[in-house]
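Shared between the two complexes below is subunit A, which has subunit B as its partner in the first and subunit C in the second.
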Partner chain A sequence: MTTNNKLSSIVQSCRVIRKMSQPGPYQKSDELYYQNLSTYYTRLLKARENGGFIAAHTVFFPAEILYAMDIVPMHTEMTTWLMALFLGEQAELLSAGAEVGLAAEICSPHRGLAGAFTRGYLPHPDVMLWSNLICDNTAKSGELVMKLCNCPGFFLDHPFQHNNEEVSYLVNELKSMVRFLEEKSGHKMNWDKLSEIVARTNQQLALTNEINELRKLVPSPFAAQGFLKLLLADYLFPGQPEAIAYLQQLRDELKDIVREKNLNPSLEKHRLMTLFIPPIYMTSYLDRLYLKYGAVSVVEPMFTKWTKAEFNPSQALKSVAEKSYVIPESHVMYGPLNENVIKYVVDSARDYQVQGAVFWAFLGCRHACATIKIFKDALNEAGIPMLAVDCDIVDPTVNPEEEIGEKLERFFELLDEL
Partner chain B sequence: MITAIGVDIGSLTTKAVVLDDKKIVSWAVLRSSEKTEFSARTAIEQSLQKIGLDFKIGLNIVATGLGSKTVTFSRSKSLTACLARGSNSLFPQARMAIDMGAESSTVIRINERGRVTDWQSQDKCAAGTGIFLEQMAKLIGVSMSEMDELSFQAKSPPEITNTCAVFAESEVISHIHRVPATSKEDIVAGIYRSILGRIISMCKRAGIQREVMATGGVALNKGIISVLSKELGFEILVPENPQLAAALGAAIIARETAGEKA
Partner chain C sequence: MTDTTIISPNNLPEIEYFHSINRAFPGNSEIMDFKAQGKKVFGWLCTYVPEELIVAAGALPVRITGYGRETDLDDGNAYLYINNCSFSRSCFQRGLRGDYSFLDGVVGGSTCDGARRLFDVWRRYINTPFYQVLTVPRKTTDDAQALYLSQVISFKQNLEEFLGFEITEQNLLNAVELCNETRGLLKKLYELRKRLETPITGAQTLEILTASFRMPKASFNAKLKHLLVALENSPVTYKGRARLMLVGSVMDNPEFLQSIEETGGLVVTDELCTSTRYWSDPVIINNGEPVINAIAHRYLSNFPCARMYPSEERFDRIMALCRDFKVDGVISQIIRYCVPYAHDVPLLNDKMKAAKIPLLNLDVEYGSSGSGQIRTRVQAFLEMMEAHKK
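And now, the complex of A and B:
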């Protein structure tokens, strides 16, 4: 059963929010953000009637390939997040996920996604694409989606190590995937288009790094939790004009704020580092709380802080492979946690002059939670207190808002008193 | 002349402490009702009555604990901050306080100024809390004080899970009914170790720093303190009225911040 009705609700919500946007320093980039979301899900919503070919893919999957092949992407985890954010029907989705055998301990975006397909809230994809980047949930959930949607799939085996041999292996994997997609969709890979996408990826990366440099300023010109919007650029529009337009607009707004000295330093009381992702359903609540306490997330080494890299558009597939090693998530959370990563997190805290760190301990993400103590000890040694908040990204039944809010308030109080 | 009042609203009991400019001049502990403001006010009234005073609006009061933000006649401060300040006042040398309350346990690290530098809390399961202890006492058919005495006579305490109070209860039931039954003394000691296993793990996560003190109603239990000292390998500081630490801290904060708005 496929009704698509929840996608139209997401599109509708984005349109309404965009129309209601208030004048403010980030008004234009906010409008672009919701316009981009609306574009993404409208394309997905209309894919069937437009004769489009839909490929569902897990997080951190190289969607550049899909854009180059004119295939309609459906980012699985992001879509579940957005359903949690806009529709507030997590309970039903999660219980539907449980009905197909996913227990409460399993990553809730994957549970919710299985529930969404079971309930017919999302269009069934023509193919399912998934990889082991970055966790076992992503490595396994593709098989279930294939079964639920009765569609073929491709598993992209991403090597842990970053060296020439492994990059060559990944390039071969990508080639196999391109062949698979060509066969299933009838769409041919447009190599020129992929080169253009890689060229824009360089631009995207440069803009993101420029934004991050502006965020280093004290006070930071960026919104308290603006980084959640930053994620969208690469998750949904890697190397796409939509990502460039959004990032350029945001960069210009931040520059304007700095130039016009349009910030009151006393409003920024606590500069924070955010580790992992806060509960998406609490975004508005946390916005209010952060505003009340003058807390601002200025750096997120696991998600938004890209290392510098330059990709070669004339070697497009190799560049796509190389990019997968420099995205922050894979850089920090994929494979063994070595000394370099710990140093990188501590250095980030120093570079961005953070006073405290908040680790969102998403219970469904065991490999991230396993690093809590290590990061906490390293940051404490550098004189930076860290709060770990047990939570779930999309399931509000794990912790009430007030409980999380109280922990944050205590933490802000602790920072005040130090 | 009284200068400040602190009130700590717990899930089981509400505690009030009244200070003059130097010391505690009165205190009261009573069962909490479902109405937060009523509990807070009654505890304060009782403590004031002991020194011949009446409650009136405008007193310098800081409240902490459950629902303290909703109390209309006081300012509110977090439990961790109050515990730290109260603990520091009772034992200035303490760098860690283990607060074992009725429904939650909290471990805080404290600096020399009585400020929190880190904390860990568990509030998701009754395992490791006073309510769990009461429940187990009922199950074994002894009072809390009898339980305490029994713990000192244990010979071979069994391992009892500390991850879930319900599972722990069924384990205790199976120890009672097995043939031969596990002795009450050993079961009690096993329960204590189970509770403390969870708390010690929180201490380790926060980083154990001596001196360590125990607060909260569960710290009145000598058997628990004895097992805790053995497990940690050193003596634990316990104030005369450990259940008052947070209320005392609230009162100290009230005195320090007199005149600030609610």
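And now, the complex of A and C:
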């Protein structure tokens, strides 16, 4: 059963938001952001009538390969997040996930996704692709989707550590996946196109790093929670022209703000490091709260701060494999949590002159929350207080908005006193 | 004499001994005596860590477990947060409070989020001299076997360097023979449970299994051999109202099974990593094959944990056990936040439904005694099965 109703709603919401956009320093990049979202979901919405082949995939999956094969991607977690953000139907989706038999402690985007498929809110994919990058939830979600959607699937086994042997293993996994996709879709891998995508990935990373450099300035020229939009580039459009266009526009806007000294230092009272992702459904509430207290997230080492890397377009598949190790989430959250990673986070706090850190303790994400004590201790040693806020990314019933707001307010007041 | 209510256990001296070893764990006499000889003891965190290498190095492998009973986990919560499984939190708390201070090393694997983060916080906050984490693929393809073998070889090299001791092919062979002997004896124990009237309860079996990774294998094997002879000739047997199988998360407290069995159900087999999955497959050395290759192959291809892909093999093996042990019903006990097993619930439900085997899903915490609500639900499950039979 597929009605696609909810995808239409996402597309319509994006169009309405674009039309309502207000003049401001980020107006053009914001418009591009919503245009990109609209493009992504329109393509998915029209995939069937256009004879497209849809591959659903979990977060941090190498969608570059899908683009190179002219396969229509469906980012599973992002789609559930957007449903929460634009449609507010979390209760319905999570309840449908529970009916399938998924326990409440399973990551809510995955429960919601299963619910969305059973309710027919999303088109059933032609194949399901998933991997253990980044957690047990991503590793285990695929087989149920295959069953619910009656489609074949491929599990990409991402090795745990970064060395030549493990990268070779991953490259072979990617080769197997390409063979699987060629067989199921009838589309041939276009290796030249993949090389182009890798080349653009270098450009994408360079732009992201330029933006991050601008965010080091005091005050930062970027919006308090602008980083949430930054995520979209790599999640939905890795190595794609849409990502480049958005990042270039944003970079130029930030440069303009700095050049024209269009900055109000009094608006930035607290420079924050954000660890993990805040509740998506609270975006507007948090925007208002951050504005009230002059709080600005200037660095997110788990999500937007990429390490320096350059990939070789002539070794496209190996580059895709290597890229998976430098994705910020992968770099910080996957593999052994050793001294280098801890130092990376503390150094980021120092480099961006943050006064405090907020760790969004998404209760469905066990591997992230288990790092709270380690990062809190390390940041405290560096004189940076850290607040952990219990929450759920999409489910507002876990912790009421007011309770989260109060915690943040007390934290900002504490920072005032320091 | 057949006991259908299963309240009077067959109190053989060997079972009493294993019980005493478990009660005194981690500081039991077997471990302390071994340590007193100047030998090293290594803790392992998951069944994907090959014990044979530790044995071959002349050291004692001991499985790191938590309290195995209901207790406050204040430190575990503070360091691993409340949403990691209570097994990880319980293990860590014991470590932090010094219960494992005798360990010379800790070896983990990238097996699940709980296990890998337990390793991370242990390494950061508990001072143990040797650490190693193995990359454990989730597939069993040739490439995956090769990758895992390289990890096992690296573990061997690091052990040799740490201990200043070369692990020879003969050392490995001896270790394989010893561990295979344990597996073979435990298999014989399980064969006894296939009988319609078994000489041992599920709770007693778990007591034995748990002791098997808390003492030197040679000593354990000697005791188990005596016990098997006694059980073969035991006048006491158990039947129960229904033959049950236990599947799901890690479990090492016999009280939980005892609680189930006090309701009249007899646990005759399981799929636990502390039981069947621990002993099920021996290391098989093919002609001319290096022993370490055979060890690596066994550990990656063993009866799979829910972490492995595809899940179908786990389900197939569960179904085979149901047939072999003439199981009437299956109890799935999943520790809260044990995500790999929780994700399999909808799929396992369907398999069981198709096979017409009743399934009871229980959400538990590690160390739960199985009293109260759980007991009531098991009671209702048994009644449902009985009503269905009529």
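Keep in mind that, in the parts below, the second predicted complex is superposed on the first by the 418 of 418 C-alpha atoms of A that agree within 3 Å, B and C clash if a C-alpha of one lies under 4 Å from a C-alpha of the other, contacts with A are read in each partner's own complex, and residues count from 1 in each chain.
Here, a contact is a pair of C-beta atoms (placed from the backbone, for glycine too) under 8 Å apart; a residue touches a chain by one contact, two chains touch by 3 or more.
These numbers were taken from a predicted model, which means no experiment stands behind them.
Student: So, A:Asn380: does it touch subunit B (first), subunit C (second), both, or neither?
Tutor: first
Student: Let me test your reading of the model: by the given contact rule, A:Ala245 touches which partner, first (subunit B), second (subunit C), both or neither?
Tutor: After superposing on A, A:Ala245 lies clear of both subunit B and subunit C.
Student: Once the structures are superposed on A, label A:Gln161 by its partner contacts, choosing first (subunit B), second (subunit C), both or neither.
Tutor: second
Student: On the A-aligned overlay, A:Tyr169 touches which partner chain: subunit B = first, subunit C = second, or both, or neither?
Tutor: In the superposed model, A:Tyr169 contacts subunit C only, not subunit B.
Student: Is A:Glu409 contacted by the first partner subunit B, the second partner subunit C, both or neither?
Tutor: first
Student: Looking only at subunit A, is it subunit B or subunit C that touches more of its residues?
Tutor: Partner with more touched residues of subunit A: C.
Student: Have a look at where A:Leu87 lands relative to subunit B and subunit C in the superposition and call it first, second, both or neither.
Tutor: Touch status of A:Leu87: no partner.
Student: Just subunit B (first), just subunit C (second), both, or neither: which does A:Ala199 touch?
Tutor: neither
Student: Check subunit A for residues that touch subunit B in one structure and subunit C in the other, and list them.
Tutor: In the superposed arrangement, which is not itself an observed complex, subunit A uses residues 373 for both subunit B and subunit C.
Student: Taking the complex as given, what residues does subunit B use to touch subunit A?
Tutor: 77-81, 115-119, 123-124, 205, 207
Student: Would you tell me which residues of subunit A are touching subunit C in their complex?
Tutor: Going by the criterion above, the answer is residues 100-103, 105-107, 132, 135-137, 139-141, 143-144, 147, 155, 157, 159-161, 165-166, 169, 172-173, 336-337, 361, 363-367, 369-374.
Student: Mind listing the subunit A positions that touch subunit B in their complex?
Tutor: 373, 377, 380, 385, 390, 403, 406, 409-410, 413-414, 417-418
Student: Would you pull the subunit C residues touching subunit A in the complex into a rising list?
Tutor: 78-85, 88, 110, 112-114, 116-117, 119-121, 123-124, 133, 135-139, 143-144, 146-147, 150, 306-307, 309-311, 334, 336-337, 339-340, 342-347, 349-350, 363
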